[in-house]
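After this come two complexes, each holding subunit A, first together with subunit B and then together with subunit C.
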Partner chain A sequence: MVREIENTAGIPVVQIATIVPIMLTVGANRIVPGVAIPHPVGDPSRGEEGDKAVRRELLERALRAIQTPIEEQTIFTS
Partner chain B sequence: MAKRVVCYINQFFAGLGGEEQAHVPPSSRPGVAGPAMQIQSLLGEEAVVVGTVICGDSYYGEHLEEAREQCVRMIAGFKPDLLVAGPAFNAGRYGVACGDICASVTGSLCIPSLTGMYRENPGVELYSPKTYIVKTADSARGMKDALAAMSSLAVKILRDIPLGAAMDEGYFPRGIRKNFFHKTNGAKRAVDMLLKKIAGEQFITEYEMPVFKKITPAAPVKDLSKATIALVSSGGIVPKGNPDHIRVSSAESYGVYDISSLDDLTPDNFESIHGGYDRVWANDDPDTVLPLDVMREMEKEGVFGKLYDQVFTTTGTGTAVAHAERFGQEIGEKLKKDGVDAVILTST
Partner chain C sequence: MRLELHKVFVKDVSWGGDTRVDGGTLFINREEMLAVAKQDARFATASLELARPGESVRIIPVKDVIEPRCKLKGPGEVFPGFVGGMQTVGEGETLVLDGAAVVTCGPIVAFQEGLIDMSGPAADYSPFSGTSNVVLVVEPVEGLDQHDYEAALRETGLKLGWYLADRCREARVDEVKVYEMGGPVEESAKYPDLPKIVYFCMSITQGLLHDTFLYGADMKHLVPTLIHPNEKMDGAMISGNCVSSCDKNTTWHHLNDPVVEELYSRHGKEIVFLGVIPTLEDTRLAGKERTSWFNANLARMLGADGVVVSEEGYGNPDTDLCMNAAKCENLGIKTVIISDEAAGTDGKSQGLADAAPEITAFVSAGNVNEMIELPAMDKVIGFEESIANLSGGAEESLRKDGSMFIELQAIIGSTNELGFSRIGARWV
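Presenting the complex of A and B:
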């Protein structure tokens, strides 16, 4: 799905999920590793504020990813 | 009584000419022409090649529906028991024509069909599930072997001999699984395979993983402050009650939901229906999978231009690759039309 959206629309798609090898396999080009499988963009164990802070950090990273020129599949770890 | 076979070949192998004759429309002649002659001699008394249908490669490619309809009609007129097309080797247009006529004849006339191609011929990917495509070399230098393999498969089909695995019979897998009892159990076979792998020896998997395509990365967003960004998720977050009845696994559809008036996903408005992970956290706060709350905050702060008014969601567990690709293509078309600049896609 991620690959075909990027291919069809011609726009960058950043995928946030936890299992990086699967994202590499299916052909995601911009990859942000998530927190955990059942809550990729949040961490409820850190309370409401902490959870939101984690989400914010991941989304800011995702926004950096879509602004970054890349030549090949890239994992944005920070 | 000998069985009846019809052959399909292109203008080149029929001796009509090369590229300059590729535009010729379908024609048929009784008996053999071109490689069909050799097929007849290999089939011996097993079957009679009662007719050969010929069509220019460009004609078939450019007038797909007419060419198909005319060829099927001509082939049906010979009342065959089997259609043998090609072999097309690595010729793309010829391969597509051979695959298409085989698939059409098998599909509409319920007559078995077979053809031969090189593995990289585009006809293989398009038509291998719908007909028997024997593996051949990449050029007509491999004609002798190709015709021998095709004729031997033809005889088995004509005699109704049950076919073995695609690998053993020499044709491209058709995506069909047949159950049978193996002499050794799965655990032993798996360990044997592992030992071979560790020893660096060749082994054959019993469950091939799909091969995914790779694409060139799209150019980055130039001006984030003016960019419209869309949220997409395969994490199964849907409006409460799952109004579109998206399946909890093996989804064949996705939902499109208006979030233009929402700032936050809560257990009151959205839920997770995903059958592949523990939904406790997602149901408690769907934003942990589909991050609407923080995206809305950043939009208001002017971090980026605009959050697209709709979200696209499905469940990505056991979902067939073909369906997932279709979802992506449809979503991509819509986003392109609406001028969206980038997508954040979350998966569980």
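Presenting the complex of A and C:
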């Protein structure tokens, strides 16, 4: 889906998911590593406040990634 | 380490009198066995049913299958951490009711359980269509947390497995199989010219009712470790999994692991069998990296020339599989993996979710998405409507007449990744 949106509609896509090697294998271009398979975009073990902070950081990182020009598959770790 | 499996062959099962084996039939005192199940206050209802090979019976949804076993001579007791005390197993004598099985049945998570048909086309795909089954069907007390429900069913299944064997201590033993082997240092010295092989038994350890237990310890909190093959076939590893049923390793599979069996039979002749590494499938990327490094390092420190890796489940564990193979290969340790494939109903999709160029030897256990037509059965044990929620099933799977059109993955053990199935391949 990620590749098709980029190829067909020309809209840049950032994928947040936990298992980076799978994203690399399937051909995602902008990759933000998620937290864990049951909760990729948050961390409930850090309590409500901590979870929200993790969520915000991941989202802001993803938004930065969308705006970053890239030449090859890129993992955004910060 | 020497383990004797004292096998009593069971060809039929029946209610009546004292629990015993007589002339190949397992007779069960229903009230006594049910009383064992009812010791757990977490069940609102509990009942026992029998299902024999060839009968027109469907069991659904199945959680776990346990082979009835107990220790005749210790140390320890089968299923350590759950039955008896906490001691290592794999030595002494163990009584096995070979051909009998305890099947636990009850809707827990409303998905990711499986079915067993005792006859018809699905019977070709599950080893438990060929066993004489005692089925425990339960419903939980109101408001019971799903994790407690899973624990109750898991613990009770093991207790019932032990109960049946314990009552049959006097039965005539049909076969004694001896498994005797030292540790990796001793055996490597004995056969210096043979290639040394270690076995990684990957296990689903992901929480949320996807867990495997080693000596009662929840494996998701462990790092990989080494056990003697005898320990695995004496109940060290227990399934706590509510997961896609085609390729989950039930407790029965762990006890009868064909990879262990085959490596053992070649030990001292073609290879040196160094041991079994029960290993994890973590939910975090860092966990997958840590685990695969531990595995590769353990293999290297043991002096392994080769590794056999079996997977449990599919999807994200495919990454663990790739990492295990790649890290070992990069250390110069030859690796072969055993996995099934989720290749779509037409079989044309990529089989594994991940890939690694280092993987050079892959044994496929079949395509989980293959469709199969199942006729109605005369009797259903459990809850037929569960098929709507099972992996491999859908709301429209169950027709009014009781027949079903489903994916293989809803049949328990159909693409088992220890290779315990009848699926094979031929050159074309």
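Quick note on the criterion: the second predicted complex is superposed on the first by the 78 of 78 C-alpha atoms of A that agree within 3 Å, B and C clash if a C-alpha of one lies under 4 Å from a C-alpha of the other, contacts with A are read in each partner's own complex, and residues count from 1 in each chain.
In the analysis below, contacts are C-beta pairs under 8 Å (C-beta built on N, C-alpha and C of every residue); 3 or more make two chains touch, one makes a residue touch a chain.
Please read all numbers here as calculations on a predicted model, not as lab measurements.
Asker: Based on the superposed arrangement, let me know which partner A:Asn7 touches: subunit B (first), subunit C (second), both, or neither?
Answerer: A:Asn7: touches subunit B, not subunit C.
Asker: For subunit A, which side has the bigger count of touched residues, subunit B or subunit C?
Answerer: Between subunit B and subunit C, the winner on subunit A residue contacts is B.
Asker: Considering only the touch criterion stated at the top, classify A:Pro33 as touching first (subunit B), second (subunit C), both, or neither.
Answerer: In the superposed model, A:Pro33 contacts subunit C only, not subunit B.
Asker: Return first, second, both or neither, reflecting whether A:Glu72 touches subunit B, subunit C, both chains, or no partner chain.
Answerer: A:Glu72: touches subunit B, not subunit C.
Asker: With both complexes overlaid on chain A, does A:Thr25 touch subunit B (first), subunit C (second), both or neither?
Answerer: Both: A:Thr25 reaches subunit B and subunit C.
Asker: Starting from the residues of subunit A touching subunit B, keep only those that also touch subunit C in the other complex, and list them.
Answerer: 18, 25, 37-38
Asker: Name, in rising order, each residue of subunit A that touches subunit B in their complex.
Answerer: Counting only subunit A, the residues touching subunit B are 1-18, 23, 25-30, 34, 37-44, 51-52, 55-56, 58-60, 62-63, 66-74.
Asker: Which residues of subunit C touch subunit A in their complex?
Answerer: Counting only subunit C, the residues touching subunit A are 206-208, 283-285, 288, 316, 318-319, 322-323, 353-355.
Asker: Please give the residue numbers of subunit B that touch subunit A in the complex, ascending.
Answerer: That would be residues 212-215, 217-222, 224, 227, 229, 232, 234-235, 277-282, 284-285, 287-291, 293-295, 297-298, 303-304, 314, 316, 324-329, 331-333, 335-336, 340-348 of subunit B.
Asker: Looking at the complex, which residues from subunit A come into contact with subunit C?
Answerer: 18-22, 25, 33, 35-38
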